[in-house]
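Common to both upcoming complexes is chain A, partnered first by chain B, then by chain C.
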Partner chain A sequence: MIQSDRRQLINVAILIVGILVFWEIAYLIVGELAMRSPHETFAFTWKLMQTDLFWGHVSETMQAFAMALAIAVGLGLLIGFTLAIHKLSGDAMEPMLVALYSIPKITLYPIILLAFGLGMSAKVAFGAIHGVIPVALFTLNAVRATKPILIKTGRVLKLPPAAMVRTILFPAAVPEIFTGIRVGFSLTLIGTVLGEMFASQRGMGYLLMNAISLYNVDLIMAVTFLLCVFASVVNTALLIIDHRLHHGA
Partner chain B sequence: MKPTQIYQIAIILAFVALLEVLCLTKVIDKITMPAPHFILRDFFLMIIHGRYFHEVGQSMFNVMIAFVSAFVIGIITGTILHAYRLVRDVMDPLFATYYAIPVFAFYPLFIMIFGLGDGPQVLIGYMLGVVAVIVTILNGLDRVPRVLKKTARINRLSPFQTAIRVTLPFCAPFLLTAAKLALAYAFIGVIGSEFIMARSGMGYEIGHAYTNFDNATMYPLILLLLLISIFMNGILTAWEKVLLARRGQA
Partner chain C sequence: MTSSAHVTLRGVTKVFPASDGGPGVHALGPIDIDIRKGEFFAVVGPSGCGKSTMLELLAGLTTPTEGEIEFEGKPIRDIPEGVGVVFQEDACFPWLSVEGNVAFGLRRSNLSADEKARKVAAVIKMMGLSEFSGTYPAQLSGGMRQRVCIARTLVVEPRLILLDEPFGALDQQTRLLMGDEVLRLWRETGATVFLITHALDEAAMLADRIGVMSARPGTLIDVVETKWPADRDSRIVERENFGALTSRLWKSLRDESMKTMGRMGI
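Let's turn to the complex of A and B:
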C-alpha cells in the first residue's frame, strides 16, 4: 500500500514537471505577445496575492460558489431521493435529466439574468444549475442500487419513509452520492466563474473578462493558473476521500 | 404508449402550461420572458423566413469539426495509451482532475494566441471532449476478454490490425458513449465560446439578442438550440440501445 502511494506521488510529480515543460515550450513558440512563461506567471501571481483588491474578488467568488454548491447538493439530494423512491417519476425523469445535462447551459444564462437580475443571485443560480443535475443523477442511481435486503429489513421494521431514508437509504448510498458531489463541485465552480464573466462587477470571472478587454496577459495567465490550481487541489482531495469511501478504508 | 412516455409528455405540457399561465397573469413580465405561444410563433416565423440559417449552419459546422477531431484523436490516443502502462499511470491523475478545471478560462488565452475566429471555439470544444473520449476508450479496452487478444496473437495480427479488427469493434458500445460525450462537449464548447466572445455564430446571436432585449429572437434561438442538441443526443442514445440490446446487455 505504501509502495503504491509512493509510486502515485512519483507519477504526479512527473506529470507536474511534464505540464511545466509543455507550458514553457508553448511559451517559446507563442511568444511574449500572448503568453507568459511559468516563472513569470508564478512571480505575477505572488505579487497579485499580496494585494487586498485581489482577495476581495476571491472572497466574492468563494461566497457565490459556496452558496451555489449548498443549493446544488441540497436540491440534488432531494430530487435524487424523490425520484428513486417513486419509481415511475424516476423512470420518466432520468432521461430528461440526462438530456438537460448535455445542453450548453451557458445559453440559458440570459434567461437567468433576466429572471434574477444582475448580481450575486444570478451567479449563484447559474452555478447551482450546473451542479444540481450530476448530484441528482448519482443519488438516483445510488439509491436505486441499494441492496434489496436492506430495504426489506426496513420494511420488516416498519420504518416510516423519513427514517427509511435517514437510517438505510442514505448511509447505503453515501459513497456514490459523494462521487456525485465531487462532479457537482467542479461543475458548480465552472458555472459560478462563467456567471461572473458576463454579469458581474466583482469576482474571479470578472477579473478574467476585464483582463481580456485590457489586454492584460499577466493577469489572464495568473487568474487561469490560480483557478486551475484551486480546482485540481480540491478535486484531488475529494478523489482521495471518494476512493476511501468506495473501498471501505 | 408506455406509462413513462405519458408521464414525460405530461411533465413537459404541465411545465409549458405553467409558464403560459405565469406569463399571461403577468407574474413573469414581458421583458423577462414572452408567453410560450409567442415563442412558438416567433420560432416558426424564424424557420419559415430562414433567418439565422447561415449562423446556425456555421456553428454546427464548428461543432462537427470539434466533435470529429475530439472523437478521432481521443480514440487514437486512448488506444496507444492503453499499450503503455507507464505513460497511462502518469497521465491518470491528469484525467481524474481534468474536468474540475474550468476549460473556458483558457478561452481568453486562445483568443490572444489564435485571434478572434473559429479556431479558439473549436479548440475549446475539442479540449472539453477529447479527455472524455480517451477515458471511455481506456475503460472499454480494459474489458476486452483475454481470449480475443490471444486469438489476435495466434492469427499474427499487427498491433494496428488488432485494434481495428478486434479490440475497437469489441468496444463499440463504449465508442458510442464516447461519441455522445464528445458531441455534448463540442456543443457546450463551441456555443459557449461564441456566447462569451465571438463575431458570429448561434451563441453570439443569442448573446447579441440578449444585450438588445430582443426576446423575439433570443427565445426562439435558445429553443432551436435545445431542440438540436436533444435531437442529436437522442439519435446516439437510440443507437446505443440497439447495440446493447443486440449484445443482450439492456
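Let's turn to the complex of A and C:
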C-alpha cells in the first residue's frame, strides 16, 4: 500500500471516529426524546435489516432513484450539450437554469403531484428535476470551456460534427461532466426521498415519514443512518473517480 | 501558378468585419507569393501583422476577403486534403495516450486496422517516442507533447505542413533540437513546409526562403533566399553568413516592429 493511500485511510478512520463521538455527545445533550446513541442505532438497524418489509422499501427507493438519476443524467447531458453547441440558446437559457437551480424544488411538488399522481412516477419526476439542472449546467460549462485549439485540431482533421462531439467535445468535457453527475447524484437522492416522504406508500422516505408520525425514534435514526451511509459511500466512490479524471489519466 | 509552385497566393487579403458594422480590421494583404514544391518557407513579422491569419487561410480554416489561394493547382475553399497543421499551443488530447493521439490523425482514413497500427508505430518511432507510446500527455514535457502533435500531423502524410510557431512555448535548447528534428522530417517526407515564427534565428536556420511581413495589414516586404544546403542542421548558426542573414531580416523588420510598438503605445 503506498504512503498516500495509508494516509487517506487514517484520515477516513479519524473522520468516522469524530462523527461517532459528535453523535454520542449530541445524544447525551438532546437525550432519548429525540435521538438514539450510535450503538443503539446500529443494533436497531441490524434488526431492521433482517425483515423482508424493510428490503421491499429499499428496493422501491433504489428503483425510483435509479430511474430518476438516469433521467437526470440523460436529460442533463442533452440540455447541456445542446445549449453549449447552440450559443444563442445557451446564452438565453443559462440564467433561467441558474434561477431554477436556486429555487426550492419543493415549491414545484404540487404541480408534479397533479401531473404524475401518487406513486412511482411522481417521485421519479421529483428526483429527476433535482438532478437534471446541475448536470445540464456543468455540461454546458464543460463543453464551453473546451480548449479552442482542440476544436481547431478536429476541424483541421476534417471531423464531421457528430464525430467532433463524440471524439473531442465529450471526452474533453468528461471530468467536469462527472462533477455535475456527482452533484446531481446527491440532489436526485434528496429529491427521490422527499418525493417518497410527501406522497408515497412505499420506500425509505415513506418509512421515515411513517416513523415520524408514529414517533418511532429508533426507526427514524436507523433510516437516516442508512441513507447517510449510502450517500456517503457512493459519493466517496464518485469523488475518487472525479479526482482521477481531473488530475490526469 | 508557375510550374514548380505548390501553393500560390494571388492578391490575398483578409478583413475581419467589425461587430458594430464599422469598416472592420484589415489584417492581411494583399499578398502575392508562390511557394515551391518541397520548399521550406518561413514567414517572420511583427506581432499582430497577420502571420497566423495567413496560415489559417492556407489551412482552409478561414477564407480570404479578396484574392485566391491555390494548393496543387486547386483553389482552397475548405480545409484541403493533404495539408497538416501543427499549432503553437499544446493540442494533445489529454485523455488519449501518445499512441492514441497519433492514431487520431488516421480516424478518417480507409486503411485497415493493421495498416493504421503499422503507420502509427512507424511515425512514433520516427519521432523518437517509441518508449512513451502508452504514456499520457500530462506525463510528458512541453517538447515531447509538441513532438506528439507533429507525429499526429505526419501520420496522415501531408504534402503541405503548416507550422504555426510550433516551438514558441519551448526553451532555446529544445527549440534548436526540435528545429533539427523538423529539418530531418522535412528531408525524409519531401513535404512542403510553411513555418510561421517570430524568431529570426529560427527562420534563418530552418528555411530555404524567408518572407518578411510588414506591420498590419501584413504584406510581404522582402523575400530572402538563404541558399542553405538541404542537409543542414542547427550547426548552421556557426556559419559566418548566418549573422549577416539575421541582420538583413532584422533590418527589414525593425521599422515595422517599431510601428507595431507605437500602435501598442510602448
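Quick note on the criterion: the second predicted complex is superposed on the first by the 245 of 249 C-alpha atoms of A that agree within 3 Å, B and C clash if a C-alpha of one lies under 4 Å from a C-alpha of the other, contacts with A are read in each partner's own complex, and residues count from 1 in each chain.
Throughout what follows, contacts are C-beta pairs under 8 Å (C-beta built on N, C-alpha and C of every residue); 3 or more make two chains touch, one makes a residue touch a chain.
Keep in mind the model is a prediction, meaning the values are calculated, not measured.
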When both complexes are superposed, which of chain B and chain C contacts more residues belonging to chain A?
-> B
Between chain B (first) and chain C (second), which does A:Ala172 come into contact with in this model arrangement: first, second, both, or neither?
-> second
Based on the superposed arrangement, let me know which partner A:Leu150 touches: chain B (first), chain C (second), both, or neither?
-> second
Looking at the overlay, what does A:Leu69 touch: chain B (first), chain C (second), both, or neither?
-> neither
Considering only touches as defined above, state whether A:Leu159 meets chain B (first), chain C (second), both or neither.
-> second
Now for A:Leu113: first (chain B), second (chain C), both, or neither, which partner does it touch?
-> first
For chain A, what residues appear in both contact lists, the one with chain B and the one with chain C?
-> none
Once bound in the complex, which stretches of chain A touch chain C?
-> 147, 149-150, 152-153, 155-159, 163, 167-168, 171-172, 174, 248-249
Within their complex, state which residues of chain C touch chain A.
-> 59, 61, 79, 81, 83-85, 87, 89-91, 93-97, 104-105, 107-108, 136, 138-139, 156
Within their complex, state which residues of chain A touch chain B.
-> 7-8, 11-12, 14-15, 18-19, 30, 33-35, 88-89, 91-93, 95-96, 98-99, 101-111, 113-115, 183, 185-186, 189-190, 193-194, 197-198, 208-209, 211-212, 215, 217, 220-221, 223-224, 227-228, 231-232, 234-236, 239
So, in the complex, the side of chain B touching chain A is made of residues 3-5, 7-8, 11, 28, 31-33, 89-94, 96-97, 99-102, 104-106, 108-109, 111-113, 180, 184, 187-188, 191-192, 195-197, 203, 206-207, 209-210, 218, 222, 225-226, 229-230, 233-234, 237
